[in-house]
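Right after this note come the structures.
You will see two complexes here that share subunit A, one where it goes with subunit B and one where it goes with subunit C.
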Partner chain A sequence: MALEEARSKMDKFQTTSNVTGKRIRQYLEKNKRFDGRKLDEFRNIEVEVGVSKKAEGSARVRIGKTEVIVGVKLGLGTPYSDSPNKGNLMTTVELTPLSSPRFEAGPPKFRAIEIGRVIDRGIRESKVINFEGLCIKEGEKVWTIFVDIYSMNDDGNLMDAAGIGAVVALKNAKMPKYDEKTGTIVYGELTDKKLPLKKDIPISITAHKIGNSIIVDPTQEEEDLSETRVTIGFSDGIISSMQKGESTSITPEEMGEVFEIIEKSWKDVFKKIEKFVK
Partner chain B sequence: MTNEQKRQVVIPGEVIVSGDDFLPGDGTEKTEKGIIALKFGLAEEINKLVKVIPLSGVYNPRRGNVVIGKVENINFNGWIIDIDAPENAFLSVAEVPRYVNKDGLDEVMDLGDMVVAKIWNINKRGIDLSLKSRGLGKINEGIIMKINPNKVPRIIGKEGSMIKMVKDETRCNITVGQNGFVWIIGDNIEDELFAKKAILFVAEKSYIPGLTEEVEKWFAKEKGGEKSAN
Partner chain C sequence: MKNGLQRRKEEKKVPTKTFKRTDGRKLDEMRPISAKVGVIPSADGSAMWKQGDTTAIAAVHGPKKMHPQHQQDPSTGQLRCNYNLMSFSVSDRARPGKNRRSQEIDKIIEWAINPVLKIKGFPNLVVDVTIQITQADAGTRCAGINAAALALAHAGIPMKDLVSSIALGKLDKTLVVDVNKEEEDYEEGEGSTDIPITMTSDGKMTQMQIDGKITPAQLKEIMQMAKKACNEIYEVQKKALKDGIGGGEE
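== the complex of A and B ==
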């Protein structure tokens, strides 16, 4: 057996066994899922806000056993020359080794970068942040929002958990105190003012295609079997961002199914997190 | 006073009893302060022997255990099996009771395949597995689930009473590996999912006394609900 072939097989079946994969596919053909859920059903979502004392806004999101912590920090920076009156947004994702045996310490790898970019795009393109409101002095000084996402446990669907966490943390963040005399931030003191956000709740939901079925909120096993992944970020029916992953193609009919299933689960998710994002 | 009442929850390093009157058993160690716990669990004292029944922790392989593992890698003369222990185990071609083409080990068992095997030897080189016994071999069908290996004795019950009850009630064939993997195979999806739910229930309630009655009640309730739902 060629070594490359063995390697690629090992990567693919790093944790999910062949029997389990076979059974999941058989179940899905009969519209059943491995853990008894419906195809468009999310696991239990738990949200906790203010988990970090030092961050301006923070949230812990659990979807089943998947857990992420998101912190929002504000710093001062110079604006980009093409947008002198706009603040900046930076999203970073750290997939910590303690959350899964698959993640290793070191510089962010492909998956971490992808999640970060998808979340960043979802928030930025939904125009939920009023970037002009983050300007302190045009062309010189603006606020920079740092959204830092840490995975605590990975049991599939980190992308959606991170997205929910980022929105909840942003919605609950307070502006830090700005000292006009010295031009610096007084850390440790928060004002009552919230970040300049609009009312939209941009949540990104990911649909996965396994065989001929489209599912949302996969567990780790299902994520391993995923053939195509489509993440759609939208707020109340208005699509603002999209990302397709994995190697297989998707037909227009399937894409229609994806839209339907995502819109339905968006409503479910929204109901569960509604009270945290007001 | 019954044994259940004497049990107390201990954490590693906690002194269970002091003095020279007691003997340290499984999960304990004798120090100057007395007998201390090495594991998180329930401390128990029977006839001056103190032991800790662990409530959590990784699987500790022992000779003779039947385990379920996954093929992690293929060697020139065998398979490396992940049995979720601190170390991977090795299954040699010589321990497979059938003809194996040395150039095509992956035809017998490929990466990602699950296998039921027995630990026949543990030495400092590693753990050796064998398939030379009844009921051992590659798993082709069914679902695999993972539970805490410390709950395996509760799942099996006294002389297999608990697992027999679950098997009869769900009409599924169930194999429990000592390392916490459970293999369920039934005629249809509903039975398998029901068996999975039952095992999760037993594992969750494993600490309560009178578990058998509790599980009987649970089955009566679930079956009743099933009938009324239909």
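== the complex of A and C ==
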């Protein structure tokens, strides 16, 4: 590898070039995208469950070239004093330097923190987890569910991949064995019992506004151009969480369009992941 | 005197013959290995290394400008490794992020790979290798090194050789190849000694560690066993690279 070649690669990927950005906008004006998708169309979604044997539940989700791995672990914790009979949920996101030259090693930056919080609310507020079912001894001991999300390859829309991964991993997780005498977890042995979950499938879907167009599932190039985005936690017709991100404003009419697109996308995504979340 | 020595030798050998590994492997038998390059499309090079229930994924980014700037070295390019256990890769959830262990392993992996790397011609640049362990069942640093070597070769970084890594062990008095987690936690007799070794294809050692207790004589034997295992690993690595280049990225 010549030094020149190495140097030319140095600044690659840092952002989408103006020329490409302009062309993407021109295409969107005509309701077209580079990869031939419709504005409200997701890329191909692939799901794989049980990717880590040490996790209580795990999933790999690919949306196009974007990939995340999500693992669910259960630990023992103490309940918060305002909810002595309820378990806890903790969602973390690591945007690993493995998945993109844009991510650096080190403590989570804002983007990782935001994805974690938005996905956490999408699950929590949908009430899909029956937190009372995670109580071992009221006021003293409860289960804590850890949902840990790792990006493996970033080609846009890590947010939705993370949300899909989280719900699939939760739905496939099994409770670990609990030793009543010692009050500890017997690691390496899972029971047949699933987590106390309701039937809902809460999926977070993000719509992006570029120019006058609303699109879903952006590639990295499209995501770079996003002026504002709206992530909605949705479960079969009910909105339970929302986050509008970035500084550009959005009109109520546009927001109406977002709702329609998200409702349609939820159905599309649900169809693709249905057999993994029963 | 002679008799006594002979007897001692025999005593030493007896457990070797009767020792049974929990997963039924022969003493010098490795766990099933699968390897694949090109698993991360956005990286310049990448590889997956699965050995039994241990899985490592490595990605290479670079050579690129070293950041932070004060770490730039105008006399050479540098290798920077970042090893990370995923929180759910172990039984008791690991806290995400770096700790002392992973910081040491970063350096161990750099030292293991640097001898075969020819990046002197990239002044001020860095080759970043990120290693994620998705599933840990002992031997994660070795799996990480094997994956990293593959990923570097897949990225086209100049190298004079690959490196191959294997964790050997002494369980009570028996020497074994490729310990798994259950064996690593072996407590009977003299307990478990963990010896990860990394070698080039011509048998030079680039990395070696020991945790436990072992005699120099046994260690010589261990190095012979490591050479044999590393040769096998080297063949798997070569095959993965050939397959990867033939089929291109998925």
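One rule holds in what follows: the second predicted complex is superposed on the first by the 265 of 278 C-alpha atoms of A that agree within 3 Å, B and C clash if a C-alpha of one lies under 4 Å from a C-alpha of the other, contacts with A are read in each partner's own complex, and residues count from 1 in each chain.
Following the convention adopted for this analysis, a residue touches a chain if its C-beta (ideal position, glycine included) is under 8 Å from a C-beta of that chain, and two chains touch if they have at least 3 such contacts.
Here the structure is a predicted model, which is why all the values come from computation and not from measurement.
By the document's definition of touching, neither partner reaches A:Tyr80: not subunit B, not subunit C. Contact with subunit C, but none with subunit B, is seen for A:Asp148 once the two complexes are overlaid on the shared chain. In the overlay built on the shared chain, the residue A:Phe34 is in contact with subunit B alone; subunit C does not reach it. Among subunit B and subunit C, the chain that touches a larger number of residues in subunit A is C. In the superposition on chain A, contact of A:Arg23 is made with subunit B only, not with subunit C. Of the two partner chains, subunit C is the only one that A:Ser58 touches; subunit B does not reach it. Subunit A residues in contact with subunit B (one complex) as well as with subunit C (other complex) are 1, 6, 9-10, 13. For subunit B in complex with subunit A, the residues that touch the partner chain are 70, 72-74, 106, 110-114, 139-144, 189, 192-193, 197. Residues 40-44, 46, 53, 55, 57-59, 61-65, 67, 82, 84, 86-93, 96-98, 121-122, 125, 128, 130-132, 134-137, 156-158 of subunit C are the ones that touch subunit A when the two sit in their complex. Subunit A contributes residues 1, 6, 9-10, 12-13, 16-23, 26-27, 30, 32, 34, 36 to its touches with subunit B in the complex. Across the interface of their complex, subunit C is touched by residues 1, 3, 6-7, 9-10, 13, 51-56, 58, 65, 67, 69, 71-73, 75, 92, 94, 96-101, 104-108, 146, 148, 150, 152-155, 185, 187-188 of subunit A.
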